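All chains are identified by letter, namely A, B, C and D, in their written order; residue positions are counted from 1 within each chain.
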């Protein structure tokens, strides 16, 4: 799907906003970057002229605007009461990142997006809030972030169980991963970067797969999957990788986070995170189930061709062979 | 060990020709057998892998069972049911099993232990028969994962404590305080679920019933043994805590074994019966292991090998019946002796193995286990006697119901056994009964 | 499924069944024929005595009493013919029903060409005989 | 082509002859060979496969092989035309092999090879016929025997404290083991199941569902004596233990019960089985009095004539077309004189008629028993059982051999099948001379027996009374008014082995099968699922639904709730 020129423009301003906010030295600059980011994502969302995308755009705009307004408000408190300011900052950033308990907008916005915008929302749009959050870890906010971790883990895990829409499932999965990322933030920046980059790789590979198969619902996978075995392998490897099952790449960031959390004695949080990881795996598995049952009914209207050849090995590499050289990744970061 | 892993990897390109993979697996088994002159300490070491006698015998078992699995799943080839993918999955499974049994490092062990789940899951979901296989697969995956994620935490804590996860270099967790006990429970629980112990065994009958013959064989033959292997590896680290808590596992597994045996008597599904009987046998293995006497541990290893061969053979037999009659129900597939008189001999021999009749490895192992558990407490004699009695009861129930008497009247046209099938059964039975002549070959350390 | 009574059994059949069972029971107790005959005549007389009872309530009562009496005197090892149900040699060997041969694969049949040729011949003759004796079966409507 | 029955007969016969010769050599020189194969050595105690070859095992082995060669030859005709005859032959050979392993291993672990093997092979033999009766009988047999196997397994675990399992070395000083009493109890329990003593008696008559040659070999002369044999080897350890007393009481009770039951039994084979049971009781009781050599003597002599008796019964059953009910026989002596002769010979030997095989052992056992300080109950049971033996023998003879033929007339009854009568003749020789020969061989110096004339004559008197009583009772049975019906309850009680068959089948299985179902529905499909897979799944599903309710709101509410959070936080912080 070639990008139109306006999309390219907005995409670059989107990136610019992100960069601006994470590299700015003042909260005002950060706010400006966030606003730029927000305003350039709106046209990207509503590139398809239907009511779903415009509804999603509206919702996104309202929520982000609310978050931004809180940020600009608390920036003004910074001088008088820095405690209050940091608290409000944290809450607003959590809202912007879509972490529980401020996650309510996230699934419903995801619902109206195309897969490539989903990828942007899941990855690029998280960069700015999360990195701002990582600057904010003063002692007085330390009780908000763990609470957000726990709620995100639980909400992400439990919320996705009953879902049948793939984008909602991805939304909840993203909320759950947010919990892991926030705990990584609590530990160290490097861990967070590591986890985040892995998450970006894996979740976008899943989304790309879904995009190629043009599926939006669990039952579509049964009908639309072209019957090539490497497609099936791709589907379930990337989904299980997203779930963090050992032989796949997704296990590495989890392993590292677990190790760091154990060394910093965060056992209670860790227990909740692990339990939630199990639940998320359950709904990934439900999606992957059709791929795992090797022989499935053929439908004549499955028109989608198989995924282009250069994608397959790269995605398999991304999802399987990561485990072979985990140290490589730590060196890079 | 790397040479065998590389051999496995090199088998992967061959998956398009069934015979090549099959014969290569047998040849590899044979080559591995040649290494049986090992010197009983760490052996064939290199690059995080080494084997000792325990690992050796279990790797040999994995090779053997995988070769037999391929041999007995000819139906996949015949019906062109994705044969090359099937072989690929099996080779992957074998690869992960070799890694698990030869890993020199707890974390590597953990990773490959978990990895072996995926090919098994694919086997069950991909080549199973009924729609219920989805549930079975989910049960298997989640029961195992539920218990093994805490294991990861525990292993990493061990790493934090002693700075290494190499087998033998990890410090022991001393004391039997609250923390040590929790740590202990978290660590062993993964293996206890995998074994499985009564109360957390629900995944096993489901998985066995729904799995294709390959899945059942390898599940019963090798994968359950991962639990026992893991216990043998981690229990030495938790001496004190284990001593304090072993009563819990022994009592649950022995009483549970009796309960499971009673349930076996009510099964009408052949595979479910065999699966439940595995639970009962593994109960004894678990109690021998947590008692952690020399006899108990060695007996557990022997039973693991014996049970691996025997129940895998029984699943194979159940599948042969299923392929002919199309049902696993004992009410329909009955009176088979009239169709397949020679097969009835194999049924009898393998059933005898299942009830630990001499001269099978199972008997040797069970004797050692009973010795160990009875020396631990005489009260256990009560449930051990019931366990042992009922193991005969349900095995004979299965044998007589499936082989003896009139056959189902709606049944016509059923061919007798084929040479390939007799060969498979023979290859299950022979090691089961011959290895006892030098019982120490299958022991942990001599 | 003999324990499930699926139809209404009339009173006289019940009486007859009781009579027969009682006779068999006597036969098991009295193993010498003359003694058994003597007893059997007496038994018959007892049954005959009440054969004209018209009141079903009385008859039912008599039947129940008879059943009770039989139960209280049942022989612990009833005489059974070896090849009939309950006998020692009943179903000792499982024999495949004849029609199984019809389901053999043609290749399998080809191993015994003479036998199957003759079998086909016999079947045809049997059908002819059937149609001659009982007439052609009516066309089955759907 | 040499048929299988012939070749196995020749093979076993030669084996038997060589075993007997070796036994004589050992007896003369007092030698014994001891062969060990180490299976495993751990903690310096080793599991070994041990074989002991002394006069005792050689002699027993010789007898077993002799009887089995006769039986195999005999089954050449008895099983003629059976479609699975080869399976039968192989099974019998496997049986002989396991019996051999049992006889020659004095090690508690290696004896399991024979012990379990006997149980399994005899199971396969009992279910040889495909009817439901034999399936049930086989299950009862196998499971009753399994109780003994389990007892041996537990005994092995207790024996562990000795550091080895060659019980021959340890039986002399068993008291040093802490739980010696329990150990002896378990061994006695094992022997009792194999030899069908009282709580486990039900399987022996039930096992008569097997083909008659099997009964002749397995259920009369060899398998059932395995328990006795084990205790013979084990007897020094039992001295003065509680288990010995219990065994004495139970075995005399078995003796009496079986003798009584045989008098009310109608199945030809079951009568003989009950008589076997009674003789087993004799062996066990004399063993529990401490006379192991007498028990061994009776074991061998009994094997000879009991196998003969079964073969005769088999010949009868074969020629009357599977009828086993003695009410349907009678007058057979006119039709099959040779068989009748052999049957009478065996019967007389069983009763202990002077100078036949049973006399030497039985008479000596009774006299020794009467001489020893034995309690009154056992004494009475002994005397009664001896009388009852003669009584049921008379009854058997009366019903089957004499009188008129009670069956229809469409049978060709004769005993001209040489394949069946020849082995009978062979065993008859044993039944005549066996006792005397054994007495000379085993007891080089005579037992000292010292008792009053009344006691000396007691055995004879009881036998004569029993015989006369048996005859009178049978005459009495030919009656227009049956006395059995007057004492209905007691007749049924004695005729059905004191209800043991019901208790050990229905009584045992009912509770276990019921609880199996309960556990299945309440445990595995109930609580285990509730606190396992299904319960967690439904909990999570319902909580997911609750979460979904929060999710289904308008944007406004989300934003308001966020503002509420902010306000709350502001208050908390400030």
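We take it that a residue touches a chain if its C-beta (ideal position, glycine included) is under 8 Å from a C-beta of that chain, and two chains touch if they have at least 3 such contacts.
Here's who's who by UniProt: A = NADH-ubiquinone oxidoreductase chain 2; B = NADH-ubiquinone oxidoreductase chain 4; C = NADH dehydrogenase [ubiquinone] 1 beta subcomplex subunit 9; D = NADH-ubiquinone oxidoreductase chain 5.
Please read all numbers here as calculations on a predicted model, not as lab measurements.
Engineer: Going by CA means, which chain is nearest the middle of everything shown?
Structural biologist: Given all protein C-alpha atoms shown, the central chain works out to be B.
Engineer: May I ask which two chains are joined by the most contacting C-beta pairs?
Structural biologist: B-D
Engineer: Using CA atom averages as chain centres, what separation in Å is found between chain B and chain D?
Structural biologist: Going by mean C-alpha positions, chain B sits 36 Å from chain D.
Engineer: How big is the gap, in whole Å, between where the Cα atoms of chain A centre and where those of chain B centre?
Structural biologist: 40
Engineer: Between chain B and chain C, what distance separates the C-alpha centroids? Give it in angstrom.
Structural biologist: That pair's centroid distance is 51 Å.
Engineer: Return the distance between the CA-based centres of chain A and chain D, expressed in whole Å.
Structural biologist: 73
Engineer: If you look at chain C, which of its residues touch at least two other chains?
Structural biologist: 91, 94
Engineer: Do you know which chain D residues sit against two or more other chains?
Structural biologist: In chain D, residues 130-132 touch at least two other chains, as defined above.
Engineer: Name the touching chain pairs, please: which are they?
Structural biologist: Going through each pair of chains, those in contact are A-B, A-D, B-C, B-D, C-D.
Engineer: For chain C, which residues are in contact with chain D within the complex?
Structural biologist: Interface residues on the chain C side: 28-33, 35, 38-39, 72-73, 76-77, 79-80, 82-83, 88-94.
Engineer: Show which residues of chain A lie in contact with chain B when the two form their complex.
Structural biologist: Touching chain B: residues 229, 236, 240, 245-247, 251, 255, 258-259, 262-263, 267, 270-271, 274, 277-278, 281-282, 285, 289, 292-295, 323 of chain A.
Engineer: Please give the residue numbers of chain A that touch chain D in the complex, ascending.
Structural biologist: 59, 62-63, 66, 70, 81, 83-84, 87-88, 91, 95, 101-102, 104-105, 107-108, 140, 144, 155, 158-162, 279
Engineer: Mind listing the chain B positions that touch chain D in their complex?
Structural biologist: Chain B reaches chain D through residues 139, 142-143, 199-200, 202-203, 259, 262-266, 294-295, 298, 335, 337-338, 341, 348, 352, 357-359, 363-364, 366-368, 370-371, 373-375, 378, 381, 384-385, 388-390, 392-393, 396-397, 400, 404-406, 436-440, 443.
Engineer: Can you list the chain D residues touching chain A in their complex?
Structural biologist: 540-541, 543-545, 547-548, 550-551, 553, 555, 558-559, 561-563, 565-566, 569-570, 573-574
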